[in-house]
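We call the chains A, B, C, D and E, going by the order they appear; numbering starts again at 1 in every chain.
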């Protein structure tokens, strides 16, 4: 392994991802936790970009950072109360969750052991094209069914959430 | 390593471009608004007051940088940069000339609509960390608004991608033909309106509504940090206009080299001026009217445009 | 009340559950409080559940000051009451003094008072309409409105040398006759003014955003308007056809042909439109008055410098731009009034704010406040 | 409606109020005892005086004179209603239940004169800050921060 | 202490006279030409203050435009009577402004209490009881042109200031100013 530019960037991004992930786990203040999550998501997007999966990276930013995280922040701001200081997260399941995370990590490491060698370092440039061909071509039916399922779920959520109003 | 150095140089140059664009944009805005309002605008410094904004900037840089006591310090200091950086980043995928774009990626258009959405976090953080009711309300309003308008904006860009058969801005620009503009006029309008809303400019300046929230989410920022907020607003204005000119109006296509650059510049200037005319003519929306407009008018309009493009497409 | 308020508090919602609400402090220095009003708004999300106006930030104790001034020295102080329309307080005060001292005013002076006050009404309504625009974010509307106002201010400057505090109407008449060509200046301006006003009408009230922002906001019923003592465009916007110029007429107003615009819905839109149409009517009155005015004395003869009316009390009111502006004067026979009370229309109209703002969003609170058109010199005195 | 018609109208409807009616400076004045004020105001409201135009007080040494100005839209007329409140114990009834317009004006009188209105929903200082001491429009109000004007007239 | 003051102090103590002078002249130029104002309009003068920034007088020509937020402005224009009830708010808004900051007292009420000086129990006699005032404008109310003059006067005052703490700069005043010598050096 030589220390060329992509490797250095990879190491830096990986370190950022690791640090921000640890922030999410260790910091008790909910707002900073959410920001840590945002940094983590962004650095993962950066990693995707580095590996050439630009569509995946952009989607990550679009959906997770621009959408999910913003909604989380929104919710935090709405429930946050200033008279009791900043909202602080307290968990009583530290050890349990740590062991679950560790277990997951070990499982992923073992599972991905064989696959990692097959990485070529970069995805083909026309990844967009192929992706759309797969989704809109051979797998169109499955794709549509998945979309329909999500739509039904969405409607159900609205009905359940708004049901007891009036 | 050369790529790295090039990137760094490009980053610096991009920052400089935004700074200059913001200076020019503020000056232009003051001149345009003055003309609408039967005034002259800045006249004193430089030709036609051109260096007025330079003086403003130097002054702001030299001003005291207040961090109020009640704020959440790290978040408060981070917020302006979180707003600015994504908008600066979104500039890299705009084709400024025929055949040349700083970053030619196959998902450029998606990149352009996705990356500025990160600045919502900065707006929310600015509102949250200031610990001030005006700022909190401004931050919440801003976030709600920016999330809502991302959808019509993306859909309008999608219509162009469908028509051109590519998500790379350069490709779209190169394949442009004159009849695209009338055919995708609805998309252009949707893009125009939702870009204004995305940038929190009038008539959508609800998060910073001067007559209600004084200055909204950046009410507690002073000096250079506030200047960064202003710079990102004008940087965003420039980015949105150039992108709109490149995607919807053919950009630099048709003219070679420098002339192409001038052409896209002229088109972008038209869009910028239009945005300013709208801002200084219209009253401000209320938040519920704003969301109604986004979900009940602009989104269906964008979908209709998609259908139109879908109908045209097989005939090509 | 100190400046600090608790920013969050708990109340009970309509269904009995506790609701946390945010307390937003608007003012006393805020771009859209039209002066130094402060509103403590309790909001649930964006919806105002309770708005409490706090006034008195401009309380200068004018009613105490005048107890140590002679009757003539009070006229300039009345200028500072309603500083957007100084002529009205001048006139209302002078009418009270004239009633108390039994002074008859020459006809030319009455005409001059009518002309200046109707011009003042346009100037004052321009301020109000402009700030309605500014409150909704249309700064350009404010500037157009102010441009019309600026021309009237110039006319007044020609007349009495002052741009804002005129000290023009005096007990027994007016301070000086008109300069040469002043009436011609007005007549050559009225058509341009009509054009500008209708241009503003199209620019602002023709805009769908402005309609959406103003319609249905701060609805005041006619019953409430009467009960709360609202007057002027605020009452007329709710359909209360009550204009002192027409219905409790004074001065030479019966000689003019004019209409009283009355709204029907009582919302901010109707109030603003009433003001706009009143401007046209004022222009009509001004034109008729200039046609009818005849040469003659502009001031009653034999008024002593040191007026000392016989003991008693008198009240007189006129229709100012904001409603019925009354001055109550008590004399004890000395050259200084024993007591003066200003019945200020803006004060009574502003009392409606908690009623009107409830249930609207914070953005509308600003519009409701603007539609009541308070001038704090008059509210706080 | 001129003042004499008004007097006849009033006497016809409410004979007990008639002797209290007088004319001053062309305005009708009705002086009642403060305990009867609410009833008299209510009668006048029924008579057609639907607006409470003005409400104030005058410091008359031993008493405070409460002055109410009622106006009628249907009759195009105004009338004064007056009563005297003792200075030692300045308490009177609030007219807030008849006209909500009295709400702020009574607060103002309370603020500047110190007259207490029974039955007022929210009697607080309105113009002056709540920590203010004294009631400035009383003739005997003293304030070190007040500079009296030199008496050159 | 703001960063720029530290810079000024460092330049001053290190003897970087030429650099300090040029930074000073740049700073004074920028500050003088871009005086954003906080309209603290309370009474009648506020009307003339509004007129000043609108079509006919157009203060934007001189780079002066009103912003309602105290954090963003350089000069507070106190236009109108300040009462005792209002005084804490004015003081707080002044404290919220970022350095360097100036105050213009517009109109007689803000200068001395004006027509309400005598017999008023609630008026503050001059805003200089609360804040350090830089320029006074007389008039009741002053014309917008006087406001313009006040901005120019304030520019001249700014031209004597240095970013180094406690230093002044030589300046040739257009009109003789009492107490302001045109020589540079330490301020007293």
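To be clear about the criterion, a residue touches a chain if its C-beta (ideal position, glycine included) is under 8 Å from a C-beta of that chain, and two chains touch if they have at least 3 such contacts.
Bear in mind the structure is a predicted one, so any value in this text is a computation, not a measurement.
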item: Furthest chain, CA centroid comparison against chain B; value: D
item: Most distant chain from chain C by Cα centroid; value: A
item: Whole-Å gap separating chain D and chain E, where each centre is the average of the chain's CA atoms; value: 47
item: Interchain centroid distance [CA atoms averaged], chain C/chain D, Å; value: 23
item: Chain centre separation in whole Å, for chain C relative to chain A (CA means); value: 60
item: Rounded Å distance, chain A centre to chain D centre (Cα mean); value: 71
item: Set of chain A residues in contact with two or more other chains; value: 82
item: Multi-partner residues of chain C (at least 2 other chains); value: 7, 30-31, 56, 59, 61, 64, 68, 143, 147
item: Multi-partner residues of chain E (at least 2 other chains); value: 54-55, 68, 85, 118-122
item: Residue ranges of chain A touching chain B (in the complex, touch as defined); value: 4-5, 31-32, 35, 38, 42, 54-55, 58-59, 61-62, 65-67, 69-71, 73-74, 76-78, 80, 82, 86, 125-129
item: Residues of chain C defined as touching chain E within the complex; value: 2-3, 28-31, 35-36, 56-62, 64-65, 67-68, 76-77, 79-80, 83-84, 127, 142-143, 146-147, 150, 153, 163-165, 376-377
item: Interfacial residue positions of chain B with respect to chain A in the complex; value: 1, 3-4, 72, 74-75, 78, 105-107, 110-111, 113-115, 117-118, 120-121, 124-125, 127-129, 131, 136, 139-140, 143-144, 147, 150, 167
item: Residues of chain E defined as touching chain C within the complex; value: 40-44, 46-48, 50-51, 54-56, 68, 80-81, 83, 85-86, 88-90, 92-93, 115-116, 118-123, 140-141, 143
item: Interfacial residue positions of chain D with respect to chain C in the complex; value: 24-27, 50-54, 56, 58-59, 67, 69, 71, 73, 76-78, 80, 99-101, 103-105, 108, 112, 125-130, 136-137, 141, 148-149, 153
